[in-house]
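In the two assemblies presented below, chain A is common to both, partnered first by chain B and then by chain C.
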Partner chain A sequence: MTGSSVDLADFLPAYLAEAEELLGAAHRHLLAVETSVRRGLAHPRAVRELFRALHTIKGLSAMVDVEPIVAIAHWMETSLRHADRAGGRLPEPSVEPLMEGLREIEQRVRQLAAGKQAAPVPAGLLERLEALESIVLGTAPAQKPAPAVLELDAAIAARLSAAEKEQLTTGAAAGRRAVRLDFVPSAERAAAGVTINSVRDRVAKLAETVKVLPLSGPAAGGGSLTFVLLLLTDATDAALLEAAGGEPASMRALTGAAPEPAQAVPAAPEPEPALLEEEPEEQRRGAGTLRVEVSRLDEALERLAALVVNRSRLTRAVAALTAAGAPTRELTAILQENGRQLRDMRAAIIRLRMVRVGDVLERLPLLVRGLRRSTGKAVRLELDVGDAELDKAVADRLLPALVHLVRNAVDHALESPDERRAAGKPEEGVVRLACHAGASGLLDISVADDGRGVDARAVAARAGGPVPQTPDALLEVLCRPGFSTRDAATATSGRGMGMDIVRRIIVDQLGGELALETRPGAGTTFRLRVPLTITLVDAFVFECAGLRYAVAVGSVDELIDVDPARLVRPAGASGVVLVERRGSAVPLLSLESLLELERRDGQEGRGTKALIVRQRGEPVAFAVDRLVCQQEIVLRPLEDPLVRVSGVAGATDLGDGQPTLVLDLAALGLARGGGRRPAEPGRGRERAT
Partner chain B sequence: MPEVLVVDDSKVMRDMVVACLRPYPGLTFTHASSGLEAIERLSLQPYDLLVLDLNMPDIGGIEVVEFVRGQDRLKNLPIIIVTTRGDEASRARALAVGANRFMTKPFTPDAILSEARGLLEEKRG
Partner chain C sequence: MSVLHVVFKVDGAEYALPAADVLQMESFTGATPVPGAPRHVAGLVQVRGRVIPVVDARVRFGLSPGERNLDSRVVVGQLGDRVVGLLVDSAREVLKLDPAQVKPPPPLVVEQARGFVKAVAQVGPRLVMLIDFPRVIGEEAPDGDGQR
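Up next, the complex of A and B:
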């Protein structure tokens, strides 16, 4: 008998990824439960989903041996099981310890992700969670109003729980149709992609699924396997049948009373805030999706960049052949096709990096919940983000800015409930975040509140300047570094805290736009426009004549030290300087003179370092003063055609708020003729040394 | 080639089960992410072993076992339950409705491999 050589610890990265997804779902469900609890309602589905998420976390954590998470999840799960049995009722005092439990699990997942051990369970937490059991058990069982009677086969009725029956009858009483949809799977349908999973997903967009049951044998009318979906819906039979792949699917109503979807749906239950809305778990957790580390996608892009470089060499080679009179028509056609394919490939890889904005903003409701508690303000967050998608690299940078804006809105813009009442506003303030794809390649985002608005005069007084007359001027003052950080919490300005950081992210880093609209007493809206994708480049940052520049690491062959004593100036080639590199001489160009820079100190550049770049295949050295660092930068192409200069790949922000030019040294050398002249004596460089 | 159907709503868990059983020569694996999908696959194609989680959305592992044992064709399909619910009542229930083995998470790779080996060899007779 051979022992297996499997080490379950190898699954830790996959475990962490799934645990994070499960925690995201758990937070969503717990917030949904809390919303219901505050309205005095039960939320059986959210309680059940929360329970299942914790159950799965517990099982997985046990497999990879993370005992503290197993313990926390276990006690949360226990109290939720009781709540589930109580018809999805959870008493209000139990929400906070459950939140605490999720936070502690999350913290341990992060510790593991950072390569540390998971900390032990904090003192008192298990006791607090354990105490929930008795709180939950003390909850009165659900009152049973049974307004509608279900017409169900006995075989099916027997397999429904009391809570499921109640869900159907109360749903029907609230004006929705309770229906039964039968789906018959077959090998042909499965081959066409119509399976119970896909049907369930499609139906979930049209109806609330209360239960799905498999029937076979006599119960299925003597036929083969049939799945019975019991639904609450406002959709038509035709739409549901289509979602189930058409015939031989069939439908029947479970209540005699409710008509086909009426024009007006009376007494529909109040909708939940957008992000809390329930989506089928399979859809979110993504049947048919794959988690990939971003670094792997970046690697794919890098490989592709190498292909592109190779292609331009090929293009030059073909051009040379053509110039020499060779028959290259077919080669040229292939080359053009190849160029299109490379562009498509690049677009496809970039699409892989797109993430749903809704997923990125998953934690905002949690943030607002925390702010509600810390500020004592009544506030509701409305998210309207639809299916918009964004490059992960943009999303990672954008999120802190949005968090900042939402936090400011709650902290400073919204008034206290008393103030709002006095101003004739509803006590509960609203912060609304909406986004939609704007002009091509751009995403428009707005963060709006119905608070007090920005008082331009108060802002002017604090800034010690004239009163801004336009929204742009007002935004300008708000975005001054350090503006009103001290007592921004007072009611005078409403906004302003850290707006310089927001602008730096949106405008300087992402190359987007930021605008402000505000009406005193009515509220403030920030409008953001950001590109859907950005280009990240690993770059050397260096100094030349007192200014900073960046250059893509991939374009640099080598960094060398320049010893002024060993420079060679061959006779006959005026102005050409050669530098020794591993026994051979390489032309050394002064970046300073290529860029026509003037030294403020009047001294000639020392050029103690040089970057070696291939120019038409030949090495050329560019002298610079000092290498500052190597870092990842966001490359922003210069879009103004007047500014577009050969040799400048774009601009970036290094975090100091100043635009920094990203150079394409090879192109720069060629454009300024710096490549040609040294290239001639360069041919004889072995002799020159 | 013995076919194994691995049913769990957690992908990591399914991957772990597959990794644990991989050392058994010649096995091929099919994943199902829900009890419903498991039943659909079982009704369309024969399998030699079913590894089944208990707690899943819509219908749980117990209902899957009940379905399987209600089918003439599947009466002898070996079933290993793999679950976090290690309490005696769950175990008794699962075995009563017709599961062959009941394993509680965490289990070791060797433990599930030896159970699977036993069941597959018993079946082959």
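Up next, the complex of A and C:
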């Protein structure tokens, strides 16, 4: 590649983002298609969306010259086009090759993202995909049943595609009602928040929307425009009318008791593009949404952080003026207003970074599908995530932990169908992931299964310790590095990360909480609580051995003064120092030696202040030299493997252009001080490689 | 077709990186140390709003850490998604290297350079070593994903 490689590099980031999104949609639609195929139904909408996604992937990939993806997408697209023309009908054997095709495309997109070349198409795949074409064609026309006949006005019938008509008739044949809901918009209704969009959203909860057609002309209630919604539903007319805002909306069934052949839909083949003019949904989705690179959002946040730093300086300067007797009342008022504005601005920027939890988890159904196949267990994934949103930075960290918990649940917790039957449970196990926004900026998440529960005795035997008596103690053992309850590493969970990594993500990286509930024979629930954002945090800034550090205020129990005269050095415990705090003795660690810092002035410094944090529930004091201030900081996680270390949550800029480390003291104490032992001066270099 | 390279010095020897892999060069004013990071990581620096790790080339090459002075440079390189700095004694020159000038490194260099040198180029009387950037900045995690 000569000239084109330059172009590729320019377009690649946009291409990767788009491809990722399209693949996500394609997976979702293919899963929907698979579900329908199993029930012997067509799913025209999903087939069409899948076809469009692949068509776009193919086009984009051709632009950046990724031949293997173009080839795979092409053959998938070809068979899907036939399926689309056949009314969204796909034979069951075609699902697996399509899944395989998506997987292979995804793998190549990853390779490109990692700066590598896309691997060639694996042997045989194109042949399998090409063969789909004849499979799809073979099944399409003959078995098209006409189980129900639609009663449609000619004007409406003419505007429906064959696929949409079939969707209505087969839906009706499968026991749902095919109905027509007429909605008449008006200014008064719009003022009350009832618009075609709100009606669509509400109706979508009750029914499958096959088509929405705008009809102009005199309408009920004196309007001049009617939206005709063609629906498949199990809901009652009353409920649907209610969703459409009541009168003058009206309902009509589309399938009559006595089919009249004369009124049947004309079966003439239809040119596809005829419909494109009225696809309001497409427009609605595209309008008002913007894809933004995260780095740009980070940049905006950086600018804001600089403003916040500057404001602190301004506040100090004004305070100095006031102290000197200058008239600063107006200045102070402006400063206060400025503070409010900064807070609003901060909230606005944080909102920009929020992603829907539902979108983050969209790959989980696919994961569970894969597990179903590899473990042979019957399992259903229930997602109850509502509209909850999370900072992208939190979501990116959280996802691997959730994937692990779900994987563990299927792999370890759920029994085989035989065992479940013997235990009097339904054969199909359930893994349920639910989340809702809890109090003050926290998100509560639960991952629950109805499997066999955690056997505390088996866990104890494996760990070689006493049987844990409380759920917390049990969780503690499960989260030990390297702990596993299976002898053989299994294909799914075996080489993945252990519970220790889950805890590290939730507790150490995100500063959240992790808890366990389990009942033998009934199931296990993991409860997680994470902050909605870790990007902007309130922090204490302090000095230690001449360097500045920050620590999240939320992680600090208390700030204390250290009085050297009242330190206790118990006999026999070399190097352990205790500090008295409200009647109890708390171990005092020297942060300086934990950080392996060398003092420039050569003085041995046990700091004069200490921060008390909880380390596995126990208070531990970290001695520092001096507290500088409390301020809001922008936390930037350290992504590079060279500097991703326990005890360092990230870095921030305090306004001097030098990165300042943001410490996670509890994790630091555990990682470098060794759980229970306080740091002994002089140890520590051993870790350096 | 000749390829543009950035040339830098470490302990008197000359090394080169393809200019396409180099984002920029910065003077060095100190790095924020990161406890627990590998020894050859000098620390973190902020480059145009981005926080990146800096690898000390002298330590990485097994040399004693030298004096930092006004000549010290951070060569900021890109490797896939990663952006990592390499702290060198000086960096002043760009060179066009013809593939014909570039030879596999002599066995002695291979042995001593711990695989960091992937080729040598003869430029007039000078010998410039092409470094294996991914290997120098270390693709491996410092501590096996935190589990020691």
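Here is the rule we use: the second predicted complex is superposed on the first by the 374 of 689 C-alpha atoms of A that agree within 3 Å, B and C clash if a C-alpha of one lies under 4 Å from a C-alpha of the other, contacts with A are read in each partner's own complex, and residues count from 1 in each chain.
The criterion applied here is as follows: a residue touches a chain if its C-beta (ideal position, glycine included) is under 8 Å from a C-beta of that chain, and two chains touch if they have at least 3 such contacts.
Owing to the predicted nature of the structure, the values given are computational and were not obtained by experimental measurement.
> Classify the contacts of A:Asn197 with the two partner chains as first (chain B alone), second (chain C alone), both, or neither.
After superposition on chain A, A:Asn197 lies in contact with chain B alone.
> After lining up the shared chain so the two structures overlap, which partner does A:Arg89 touch, if you call chain B first and chain C second: first, second, both or neither?
A:Arg89 sits against neither chain B nor chain C.
> According to the stated criteria, A:Leu638 is in contact with first (chain B), second (chain C), both, or neither; which is it?
In the superposed model, A:Leu638 contacts chain C only, not chain B.
> Tell me which partner A:Gly59 touches in the superposition: chain B (first), chain C (second), both or neither.
Touch partner of A:Gly59: chain B, not chain C.
> So, does A:Ser646 touch the first partner chain B, the second partner chain C, both, or neither?
After superposition on chain A, A:Ser646 lies in contact with chain C alone.
> Counting only touches as set out at the top, which of chain B and chain C does A:Glu302 meet: first, second, both, neither?
Only chain C; A:Glu302 stays clear of chain B.
> Tell me the contact category for A:Arg432 with respect to chain B and chain C: first, second, both or neither.
Once the two structures are laid over each other on A, A:Arg432 reaches no partner at all.
> Chain A residues touched by both chain B and chain C?
none
> Which of the residues in chain A end up touching chain C in this complex?
The contact residues of chain A facing chain C are 113-115, 299, 302, 481-482, 497, 500-501, 504, 547, 594-597, 636, 638, 640-648, 651, 653, 657-661, 668, 671-672, 687-689.
> Considering the complex alone, what residue numbers of chain A touch chain B?
1-6, 8, 10-11, 14-15, 17-18, 49, 52, 55-56, 58-60, 62-63, 65, 185-187, 190, 195-197, 200, 209, 211-214, 216-217, 224-225, 227, 281-282, 285, 287
> Could you list, by residue number, the parts of chain C that touch chain A in their complex?
Counting only chain C, the residues touching chain A are 30, 32-39, 41, 44-46, 49, 51-53, 55, 79-84, 137-143, 145-148.
> Flag every residue of chain B that touches chain A in the complex, lowest number first.
9-13, 15-16, 19-20, 22-23, 33-34, 36-37, 39-40, 43-45, 55-59, 63, 67, 70-71, 83-85, 105-107, 109-110, 113-114
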